[in-house]
Amino acid sequence: MAAARGSSEGVRRSDAIVARRRRDRMRRYGLYLLAFVILAWVFHSTVVEATDWARIGSLGSVLETLGRFLPPDLSLAPQLVQPMIETFMMALLGTLLGAFLSVPVIWLGAYNIAPFAPVSYAIGRGLMTVSRSVHELVWALIFVAAVGLGALPGILAVAFRSIGFIAKITAEAIENIDRRSLEAIYAAGGNRLQVLRYAVMPQVLPTFTSVVIFEWDINIRRASIMGLVGAGGLGLTFYRQMAMFNYAGVTSVIVAILVLIGIGEVVSYLLRRRMI
Amino acid sequence: MTAPSATSRRRWRRFRYPDSLYRFAALLLFLVLVFYALDYLNVHLERLADVGGRVAVFLAERYYPPDLAYVTDADYLAYVGETMQMALLATVFGLALAVPLAWFAAFNVSPSRRFFYPLGRFSITGARAIHETIWAILFVNLLGFGPFAGVLALTMFSIGFAGKLMAEEVEGIDRGQVDAIRATGAGPVQVLIYGVIPQVKVAWTGIAIYTWDVAFRAATIVGFFGAGGMGWYLRRTIEGLETERTAAIILTILALVMASEALSAWARARVMNR
Amino acid sequence: MRTTTSYATSVRHALTESVGLAGRTAIEVGSGRTGPGAAGDAVLRIDGLCARYGKAGDFVLKNIDLEVGADDFVAIIGPSGAGKSTLIRCINRLVEPVAGEILLKGTNLTALSQRQLRRHRRRMGMIFQEFNLVERMSVMDNVLSGRLGYVGVARSLFKLFPRADIEAALDILEKVGLGEFVDKRADQLSGGQRQRVGIARALIQDPEILLVDEPTSSLDPKIARDVMTLIRDMSRDLGVPVLCNIHDLQLALEFADRVVGVQGGEKMFEGRASELDRRALHSIYAGEVL
């Protein structure tokens, strides 16, 4: 074996690899550097320039303000019960309403069962996108303006915000079903509606239930802020405590929200186990 | 084929006792809960019927036509730019913090199940449970008006959002690859970098893009409470009862969010198909 | 979809020219084209059936003629891709034929509107290769879904089937040997059991003919034989003729009275199973290793 020739061949190849690796590394670091520079510029122009550093004062004063948030104001507890229940119920009813309203949207937006595809498909998907793109706070503002203050606009806002996600996931599930069971129902003489009921629904129901429970969990979080714009729940209590500068009370409200979310997590976990 | 008995099962019921009783009771309980809730919240179902009509009329009268000239104003556009910058910073910082927290909060690879795991879980859940607008109000109170508060609020939001998804990804990885790295004598950080991250890299990239999308959505709103961005304009026009301008702002928010969603969906598809 | 006469005729003529002899290159052996049984007129009659996928694709079925009598068990054999599955699916118009007539006891199925078609589909029970059950539904519900052609839409939405239907379902399930499985979910059953559910579903329609599409392709050989036996026995019991696609030649010869051989979309052979000789087999399976 020509050892000399073999080794020089090997050296050349490993040289090439090392060189390529260095080039790749340089390129990567160059990109990182560029990203860092951009980030730094953005940070500077956004945070550094636009902040009133004088007002913030020193780190010490910030920490002192933080300190006023603790310990939570326990005397507030009895006042929190009613808003907590209200928030919880708003989340529940809003999710149910949203699930109910999502059915026609699903029907329109699932390509294989939509009536006048592709027009209805576009409409269905469009509705889903609008529902998800409008922030729940904006929905709340719209409904407060339309129906007044109270829990109702909160329920409506939660509902309309949820329609999009529920519909999107369920429509996708429908588009992925096993078509063969559809065939059998058609062959037996079923019409479109019966095919939906007997072949599509059983396959899609678990997905639908799962996503509704998921949305309900998220909606507790959304319902908690509805009161900030007058749509009921703990949000109002939060706002009031803030307005009174009762920071300890603010913390109490936050704890209440955390408790609600905790309950929601537990319940949704149990429901999921039993229903799916 | 076994011969059928003479008195074969001629009676068949869809719901048999005691299952039927449980189902019925559960359904009844649920309906009671719903109606109690409606009553508690003072919601009158009869009113609900004409709500739809009223909302439609209301929107048509006051919010149409939207004042588009207002949103092409240079000042407004500067705020839109600020919104995007806030979203960018929040995503970057949020993800940076979410990575270690997700590591802590993933039961299978958490460095310490006694200490770091609960720390990670609580941090992520806590960040997630508190709505971004509440974070915004808190930070505004602490740091004054402006995008600094907004960036921090959105960062907390991103930590909660991305952290949960990332932790779930980590919990779904193949144990074998991690053990192989651990067997070489690598320390926990090295195990993370060489055993865990390569497996979740693709999914995490998708999550990162998704987080930016969602953070941008939230960024358009936090300004409502003074935390920077176009939400401030929303507040001003609503308080000034300038409804056509409000409509225009909502439309721009809608357009931008839909564009960002399309962009992120495209980016995520590309990442997944790589 | 109505096949307009002029279009149908022109298609048929075009095919006739390209194929050669009057659209039929059937090798007529022995008694040649055996007519329907002594019971009288054919239950199902297919005349000049043509089908294609897409507007400009190749023809999958070219001028097929077929008759099924009241006592018949007709097996359609042929290599895969010959058009057997399309043929069966054209009969109840799950696939729309391009030309030809399909007469079910005198009713021209190709001329029906969608609404009328649904009413006539319930007269034909279909059994599928992959069972086509609704996995998450119970055996009882799967069988009951065979009555959807009879039950009103409103009642079917709430799964309110008449007592008679439920009794019939229980009866049939006993007969196919699934009496113990009535409330089990379909996805908890084995392949053979699932096909039995499919058979039960087809039978509860009280059909005038059974259309069977490769019932045994997804089953083990022993189970396959059991299923074919069940189909034959039930069809004799209830006096329902069977038109059955089979891939497996052995099973076809064992269970069928008459055999129809299809290759490349054309009917190559028709006659008794005993008349199927080497030459006939070659023409049907030309090129395929038996």
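Order of writing sets the labels: A, B and C. Residues in every chain begin at 1.
In this section, contacts are C-beta pairs under 8 Å (C-beta built on N, C-alpha and C of every residue); 3 or more make two chains touch, one makes a residue touch a chain.
Only a predicted model underlies this, so the values are computations on that prediction, with no experimental measurement involved.
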Task: Taking each chain's C-alpha mean as its centre, the one farthest from subunit B - done: C
Open item on the list: I need the chain pair with the most C-beta contacts, please.
Closed with: A-B
Open item on the list: Report the inter-centroid distance (CA atoms only) between subunit A and subunit B in whole Å.
Closed with: 2
TODO: Could you please state the distance in Å, as a whole number, between where the Cα atoms of subunit B are centred and where those of subunit C are centred?
DONE: 52
- [ ] Would you mind writing out the residues of subunit C in touch with subunit A in their complex?
- [x] 92, 94, 118-122, 124-126, 128, 130, 132-137, 141, 145-150, 153, 156-157, 198, 201, 205
- [ ] Over in the complex, which subunit B residues touch subunit A? Could you list them?
- [x] 33-34, 37-38, 40-43, 47-48, 51, 54-55, 58-59, 82, 85-86, 88-89, 92, 125-126, 128-131, 133-134, 137-138, 141-148, 151, 217-218, 220-221, 224, 228, 234, 238, 250, 253-254, 257-258, 261
- [ ] Mind listing the subunit C positions that touch subunit B in their complex?
- [x] 140, 159, 166-167, 170, 174-177, 179, 182, 230
- [ ] Write out the stretch or stretches of subunit A touching subunit C in their complex.
- [x] 178, 180-181, 183-191, 193-194, 197-199, 202-203, 205-206
Task: Residues of subunit A that touch subunit B when the two form their complex - done: 39, 42-43, 45-47, 50-52, 55-56, 62, 65-66, 85-86, 89-90, 92-93, 96, 129-130, 132-135, 137-138, 141-143, 145-147, 150-152, 155-156, 221-222, 224-225, 228, 232, 238, 242, 250, 254, 257-258, 261, 265
